[in-house]
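Dropping a structure here in structure tokens format, bear with me for questions.
All chains are identified by letter, namely A, B, C and D, in their written order; residue positions are counted from 1 within each chain.
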Amino acid sequence: MPLTEDGELDAASLERLCGHLLEAGVRGLFVNGSTGELAYHTDAFRLAALRVVRGVAGGSVPVLAGAVEMTTNRVVAQARAAREAGADAVVATVPFYTPTHPDEMADHFRAVRAAVDLPLWAYDIPGNVQRKLPVEVTAHLAADGVLAGLKDSSGDLDELRTLLGLTEASGARARGFTVLTGSETMADAALALGADGVVPGLGNVDPHGYVALYEAARRGDGRGAAAHQDRLRRLFALTRVGDPARIGAYSSALGAFKEALRQRGLLTSARTPAPLRPLSDPERAEVSRLLAQAGLGPV
Amino acid sequence: MPLTEDGELDAASLERLCGHLLEAGVRGLFVNGSTGELAYHTDAFRLAALRVVRGVAGGSVPVLAGAVEMTTNRVVAQARAAREAGADAVVATVPFYTPTHPDEMADHFRAVRAAVDLPLWAYDIPGNVQRKLPVEVTAHLAADGVLAGLKDSSGDLDELRTLLGLTEASGARARGFTVLTGSETMADAALALGADGVVPGLGNVDPHGYVALYEAARRGDGRGAAAHQDRLRRLFALTRVGDPARIGAYSSALGAFKEALRQRGLLTSARTPAPLRPLSDPERAEVSRLLAQAGLGPV
Amino acid sequence: MPLTEDGELDAASLERLCGHLLEAGVRGLFVNGSTGELAYHTDAFRLAALRVVRGVAGGSVPVLAGAVEMTTNRVVAQARAAREAGADAVVATVPFYTPTHPDEMADHFRAVRAAVDLPLWAYDIPGNVQRKLPVEVTAHLAADGVLAGLKDSSGDLDELRTLLGLTEASGARARGFTVLTGSETMADAALALGADGVVPGLGNVDPHGYVALYEAARRGDGRGAAAHQDRLRRLFALTRVGDPARIGAYSSALGAFKEALRQRGLLTSARTPAPLRPLSDPERAEVSRLLAQAGLGPV
Amino acid sequence: MPLTEDGELDAASLERLCGHLLEAGVRGLFVNGSTGELAYHTDAFRLAALRVVRGVAGGSVPVLAGAVEMTTNRVVAQARAAREAGADAVVATVPFYTPTHPDEMADHFRAVRAAVDLPLWAYDIPGNVQRKLPVEVTAHLAADGVLAGLKDSSGDLDELRTLLGLTEASGARARGFTVLTGSETMADAALALGADGVVPGLGNVDPHGYVALYEAARRGDGRGAAAHQDRLRRLFALTRVGDPARIGAYSSALGAFKEALRQRGLLTSARTPAPLRPLSDPERAEVSRLLAQAGLGPV
């Protein structure tokens, strides 16, 4: 999320970034997702960001808003606020902080959907919430119409394939259940398996690249999609610019995305929220090198 | 957290429970901890609960309030609200949802402490937040006076011992840095290693048992403390009353604690918050059996 | 590995099974792999099995022999014995039981290759040996000619893709470095990414299915390969015939493969080695159902 | 295991080391355990080492021999050979490389015990074999007389306490079932909980220290035992002499133990087996510093 040097929401940069995404041809905007720093900002900040994105979108594409919180009651509160602020759909994970039985995961999504009159997407991101949303649970919720879609950030293509098969068989896919992959590096493979689209964090840095990948895949040009993917895989080295001791922490990956956006002229500042530390000079130089290698200059 | 059958805060039961704890001789109250269902309730609910506890305590013992949120800005918001509501200290974990470098963990606690003028405790609970607070980080923060204490719910007695040694050597312990264990089942061992006290979730069910354990340990009666501990270990089977498929989910453990409190007459209802499912009849019967075995009847 | 009811090597069944594989058109045989029960048999048994397989192959296809042991010296001993027994190549994992630094993993493969004059394959199977063979290590060893190939049973297609890119760039692929996937369920995806072939445990049950999948992929028919794969994915439910408490143990998966081979007339007995327990009657019935659904009868 | 510069068994050093242990007052010798490099040596080497140890012991103390292998048949082969070579008991882990159901773990130990007429010890070391031996399984096997004892290298004192309770209640403890801890750093705590003895890898470097700790614990002097333990905890920093990138690999811990033994004059060479890399000069200097700090000079 674009920040001023003081750590406040930089609405101008956020507008510029969203405009750039729309210009590239994205079909939707996802705000308050993981790369959107959902974990780092207060409720008020999250809503302010949503309102800015909503304003830029202006109804031209749907705005999906993360309502990511630990359990049902807290998700409902987030989802209601997002609805007030104009979200077209909300995106929620399974409960986290404490463990939850799969049946209770299903209850969780049912309760959120019942409480808030907006399409509900499941966000499967086990690296962040410790537990995978079992495909059987997703498939049941899709068949019952509780879920409008899934953002799959699990990295598990095998399970994704199972889910696509189950939701095809149940008719949920035919009734509109949508599956998006959050993978930056295997998006073409997910599309080849039948996923409907891509929601990659790296897509903020190079939306044209992912749109081109998506369109190649749509027209059945697997080789072309793979070529775009391979280029974007090299760019994904942005997440590894940190010295090894920092890799694995979030600051280097998020910091490199923001530094890349700053160098491209989309963000005024690359500042990351507390407690993430800024990139070092060598790390910033590596960001420059990777952008140049990818042919990405100022927009 | 005591709930009415409608899922609202049951203030009367909460007052009854806190009164029971104080009567048993506890030296402090911890509200909005993990067993206190911090993950399950909205901000407004958390504050309402804190105010009730504050009212019962009436200054007789300190009230520590969990300010458990994903990252710094959100923790600061919780901590400020807790201060307004009368907390005597706040308790925060390391950041969760996204990974954080140890240096950034230290920055996190420093920033929270700087933002909120209340004693700050670290809450080390890696099972819930995925990452252990490294003892070196805790020791530095203790030496610098950033942390007033630690609630160790890691279960790692070896690391606890290292921390006690480091904070002894730095003088932090002499200056008041306090270490409490959250272990229900190895509290006597933690006290023998030098921990200052015990904050066990099961202590809600049998506060007299833990106070007796603590007092035996204080007077150097390791054998006596162990006898109390062994009895409480048997009672801890409450966390395993669920059928095996449910064990590991949180509903059976939390549900059994609440059912035990209901059977003891302290809670009006054993209701658990969404999405946790209630205990079955056989599970409730097993709670009764364990209470009887522990000699715990209505209060 | 086919066993008599007494738990001895059933050479006749092993010959029948290998003959069936060759008849289906496989291009090589891998003996003493994980599905080949390498963990369960003595050194003498392993060699006896290798000799039987070698006899059936008769030089018509290469025989790769697992030399899977905890560390270098033990692998060398296995590899030498396999060479004596007629193996055309040996396959080794990274060290296990104790942790090993990536540089030492490289030393490990170099030492094995130096000690035994046979082509050496790396076997990447982190689920069994706790550690992934880093792609950078594999790529270096491929570039240096230490490794002739890789059997990738990691399930990580993203890393596989990175490896294929690195070995392409270094010229190792052009010089013959071969990459096979061990995946039963994503073999078509691995082939689409550039893998050279498939070594699936389930291929024992339905070699014709995997040969057809492979040939479709080779001729660029991704849709056809996917259709074969989807059918084989359904058959892979063999690994989940056990009641849930048994799933995750090895006995149900291996037992179901052997029961399927018995029902197809290839094995005389479905006996599994100690300490694996046999399938129950309902589990065997489920095997029958899955075979019928896949159109697999007696051969 | 002491090695010559050529990597062969250094029998003279092994005799010297064992003599040193006996002189310090140990009550038994454990050969081919994890610190004894069981993973790194061939069967022939393992047996040669056992024979040397057997010779030094000369019946004065029992010699326990590791029969650590992946599954039942392989363990039986190791155990039979160990029996031939004069072992007084054998020590086996749960199966590894492939997962095993708890009931099959029990079958495993039963089968080994039935096949080899020697007392059988379970070796619970989940960090190396991926799975913990459940206490319920151990308790049943103890009650049935299948197991003579347990070496607990799990580091889980809570479960150890449960096991001690179960085996006390069943009468197994009264009939001689023995529990030893493998912990270097919490040995006093394990003894306080009721463990019968200590089998620490670091005990090779400072056997007098552990014997003194044990004797203090035996006579009920918890404070004295803790003082010995705290000194040995500082010495245990030997396992962390490596640069951070190496820590977690086994080479630095094992290498430091061997270098310490070399500096104390017990080993002729600190050589480690393939593929472990030797310590660097700074790492060796750190070993010297830690020995000096612990007051350990040449013997």
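Everything that follows uses one rule, which is that a contact is a pair of C-beta atoms (placed from the backbone, for glycine too) under 8 Å apart; a residue touches a chain by one contact, two chains touch by 3 or more.
This structure is a prediction, so every number in the text was calculated from the model and none was measured.
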Self-check item: Partner chains shared by chain A and chain B (touch criterion as defined above)
Solution: none
Quiz item: Approximately how many whole Å separate the CA-defined centres of chain A and chain D?
Solution: 49
Quiz item: How many angstrom between the C-alpha centroids of chain D and chain B?
Solution: 37
Self-check item: Interface hub residues of chain A, defined as touching at least two other chains
Solution: 245
Quiz item: Considering every pair of chains, which are in touch?
Solution: A-B, A-C, B-D, C-D
Quiz item: Quick one: in the complex, what on chain D touches chain B?
Solution: 155, 157-158, 161-162, 165, 183, 185-186, 189, 192-193, 222, 230, 233
Self-check item: chain B residues touching chain A - in the complex, by the definition given at the top
Solution: 34, 38-43, 45, 68, 70-74, 77, 95-101, 103-105, 107-108, 111, 128-130, 245-246, 248-251, 273-277
